[in-house]
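The following blocks contain the structures, represented as structure tokens.
Two complexes, one shared chain (chain A), two partners (chain B, chain C).
Right after this comes the complex of A and B.
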């Protein structure tokens, strides 16, 4: 695999790379995380002017929105865009492309080995800058920071699966000791052929990431077994989802839930007097808003097999339901029955869109 | 289990096969369980997983989904999609520790009146053994 070594830290190296792409006109815009210097607030920014690039912090462990969501329409604009995505954002985008919600054609996808992101409450409190040095130290040692999202701790897909350009930013990377950039596609090699840095050939040394992989697998098991314990059977479900206030925030921020006309927000779930009368006649009491459990179980059947475990849903839940953990866990089961892995390959079809004539003989 | 318990089984039956099979059971004067509450759908693939969940959460003791045999779908491939979606719902139930036995998929053709009656009776018996669906009483759903 072609590679470029830049004698700078990974975060400075990636900024150089973005500057090169934008100033040479290889791309029209750059999409990456940004910190506003005055307020310390974070956002995802689309930059077209080179002078604004310095505000970008493309490798920052912050996800204010799953970038794949905003990238959908942008990717169809016909403009060339370099998008810095976390591995789960890239996987989610691949899932969206499969659903005709975007295109990879005009994109340069840039991703990196990911140490996990901070929960949004830490970001909102403006603590990221202060927490960053320790985070970088822990991540470069191939360990799991204690203050990242639960699903990040349990994420096993921290190496990007199919980015055009991949930057090494966890495990083997020592801050300040050179930035390794791997070029996975012809379009990346062509665009970066004149980028400064030492051009060569290298493959990501995954052995240095094995320690992290083992630690993540252990965390995953721990998270899943705690969910299994808390969220089992009808009582468990009521216990976990009983707190739901029905805001549908989890589905709004979900990169897979793309339907603008969501069934759960349609007239089908516009409750009328006969519904209340019928329900009350049977049970004598009714939880309002109704059907919160149906909403979560419905989402589980509609999209869990494509869940990439980005953790946005848990982060925005106003009552602290571990939505992402439940969805990751059930998603792993539902994807496995179809031998599916979300975001693995854009040509792999969504399991519910295809079928085999001979399968599931135990059903029917 | 208490003898008076009469299960309620919400049954989504496709117009072309299973519902016609149920009709045939009736015109053939075959006795079958009165627990079956039939609902006609144009194709088993019209049944969104949410329909099954809604029936389950609304207190149906069992949910039966009937379609044409694989390869015989009136719309050629509808029931293959049904099968995948049904497998998905079952898996969601299992991963959440819910009783996936309360969901059943069955292929019954228009000429299989006796099979319809048999499936209806056997499934009713199975559900009777399983008992009442706890969602019937739960007001927190």
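Right after this comes the complex of A and C.
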């Protein structure tokens, strides 16, 4: 695999790379995380002017929005865009492309080995800057920071799949000791052929990430078994989702829930007299708004097998439901039935969109 | 306006009245308050489908000023349209009416009167709940184009064109070859019962060319088809000059014929062009041209092998016509060259009931040798075979004739895509229904005739051609208007994400992507309202009119209450 070594830290190295792409006109715009220097506020920014690049913090462990959502329409604009994506954002984008919600054609996907991201409340409280040095130290030691999202701690797919350009930013990467950039596609090799740095050939040393992989697997096991305990059966579901206030925030931020407007918010879910009468006749009392459970069940059946575990949903839940953990756990089961891994390959068809005459005969 | 729902229960003689307590149902529904302040008028009548019944219903709808109508009667298959027509004569839009089946679903299947009565009550409640959520729909008749396009100018296509032109329909034949006649034309009458009249097809061609209603384009191919029954827009291109011609028609007949199966070495047939091996077309051409039957060396053959079922195993179906052709061939050869020894290697003999047996008997009595085998192969003109008992053998012949199977013509997949008509497991065009509607397809207005639909002989091909012509003549009447389905699917653009799920499941090709806006569009003129897309849409952007979620939800809610 082609590679470029830049004698700078990974975060400086990736900024050099973005500058090269934008200034040479290889791309029209760059999409990456940004921190406004004066306010310390974080956002995802689309940059077309080289002078604005210095505000970008592409490798920062922050996800204010799953970038794959905003990338959908941008990717169809016909402009060339370099998008710095977390591995799960890239996988989510691939899932969206399968649903005609974007195209990889005009994109340079840049991703990196990921140490996990901070929950949004830490970001909103302006604590990221202060927490970063320790985070970087822990991540380069191949360990799991204690204050990242739960699903990040349990994420086993922290090495990007099929990114055009991959930056090593966890495990093997030591701050200040040089940054490895791997070029996975002809498109990337062509665009970066004149980028400064030492051009060579290298393969990501996954042995240096084994420690992290083991730690993540352990965390995953822990998270999943606690979810299984809390969320099994009807009582478990009521226990977990009973707190839901029906704000539908989880579906708004979900990169897989790609519908512009949701059926659950349409007239199909307006309730009126016969509905109330029927339920009240049986139970004598009815929780309002109704059908919050149906909403989560609907989402679980529609897209759990495509869940990439980015954790946005849990972060925005106002009542602290571990939505992401439930979806990750369910998704792992549903996807594995079909030997499916969301975001692995853009040509891999979504299981529910394939019709097979003979499938699951044991289910009748 | 306050809703006033009329609920009319048909006694259907003893069928409903004798098995349910109708008065109890009427009292119950009249007093039912589950629909808020909706006014319910609940009545019964002897036979609502009788003329008096229909007049009664019409008068009630008018006099009472009903806003909705529920009829509790028989299966909608029997009388849905009867009561729909009654509504059509009044102020009530027919789509604000619903028939509820309390006969087949209740009284005919439940012996216990109380249980039948209870079930009828819940069904009628469900019907009232549903009808309140139904919307007015308006049928808008469209002008139809009575003209017909025939793709393929073989005997089937010509016969259909002639039948239509006989009723003064304007017909266009688009044929990709430079002559009309197709395969039968090459046989010069051979396959007709009377061998000595080779001019049959020529006559047909002459009639076609001389008919002012029929327009023929040779060396041409259809390249574009858009539209629907009554309004098709066609483009066909001249293969030579590349000139594109536009054409408008109301229906399309596909008569693109079939090809002959080609043997492969893998399946055990090894021979070269210099060997005296001929397929059924080649030998019949040779026979019908009147030329001498000679080997490539110029000598007369002494022995001829006829190998049956070539391709039968590989293709998985029996072509059904090859045996007859080979019996005729053997008989014709024997008639002209009584000394040639003919051996037929067969697995099964498949003959049509009329005429076929006689051909077989004639072959037998003229001394043709029949050998029943399990499988056959070829090496040059040496026939290799496996006998019934498993013994393998081989025998040299001067000439070998192959009864090759019929396979779909090579244009079939492209045409299938173009016309939106599926092919079946054999690769031939699939009929709408094999038994009940064998010459139509699932696309309204597109018909299949001749061997494009599967192996068949000339007389059957012509019969199907006339059947299709008949359907067109009765379906698309000159000057009449066509009422397209109105309970079709519409798209709520705000909800559509353009994911394309619906495009994959639409069997009518009624949905297409609007790439500029990133959404899908339903062509309501093509849509038949089957609801496939409705089920595939994650955001509920698709809505099949008259079968909306809310209508179905309310109906089910009320039925289960």
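Basically, the second predicted complex is superposed on the first by the 360 of 364 C-alpha atoms of A that agree within 3 Å, B and C clash if a C-alpha of one lies under 4 Å from a C-alpha of the other, contacts with A are read in each partner's own complex, and residues count from 1 in each chain.
Everything that follows uses one rule, which is that a residue touches a chain if its C-beta (ideal position, glycine included) is under 8 Å from a C-beta of that chain, and two chains touch if they have at least 3 such contacts.
Since we're looking at a predicted model, the values are computed, not measured.
Of the two partner chains placed by superposition, chain B and chain C are both touched by A:263.
In the superposition on chain A, A:344 makes contact with neither chain B nor chain C.
Residue contacts after overlaying the shared chain place A:300 against chain B, while chain C stays out of touching range. When the two complexes are overlaid on their common chain A, residue A:76 makes contact with chain C while staying clear of chain B.
Look at A:285: by the touch rule set out above, it reaches chain B but stays clear of chain C. Counted by residues of chain A touched, the larger count belongs to B, out of chain B and chain C.
Look at A:277: by the touch rule set out above, it reaches chain C but stays clear of chain B. Of the two partner chains, chain C is the only one that A:101 touches; chain B does not reach it. Shared-chain residue A:12: touches no atom of chain B or chain C.
Looking at chain A, you'll find residues 263, 302 touch chain B in one structure and chain C in the other.
Interface residues of chain B facing chain A in the complex, by the touch rule stated above, are 48-50, 53-54, 57, 59, 67, 70-71, 77, 80-81, 83-92, 94-98, 105-107, 134-141. Across the interface of their complex, chain A is touched by residues 34-36, 129, 494-501, 504, 518, 538-541, 548-550, 553-554, 557-558, 560-561 of chain C. Taken together, the chain A residues at the contact with chain B in this complex read 228, 231-234, 236-238, 242, 263, 282-287, 291, 293-294, 297-298, 300-302, 304-305, 329-330, 333-334, 337-338, 351-352, 355-357, 359-360, 363-364. Per the touch definition, chain A reaches chain C in the complex via residues 73, 76, 99-101, 258-263, 266-268, 270, 273-275, 277-278, 281, 302, 353.
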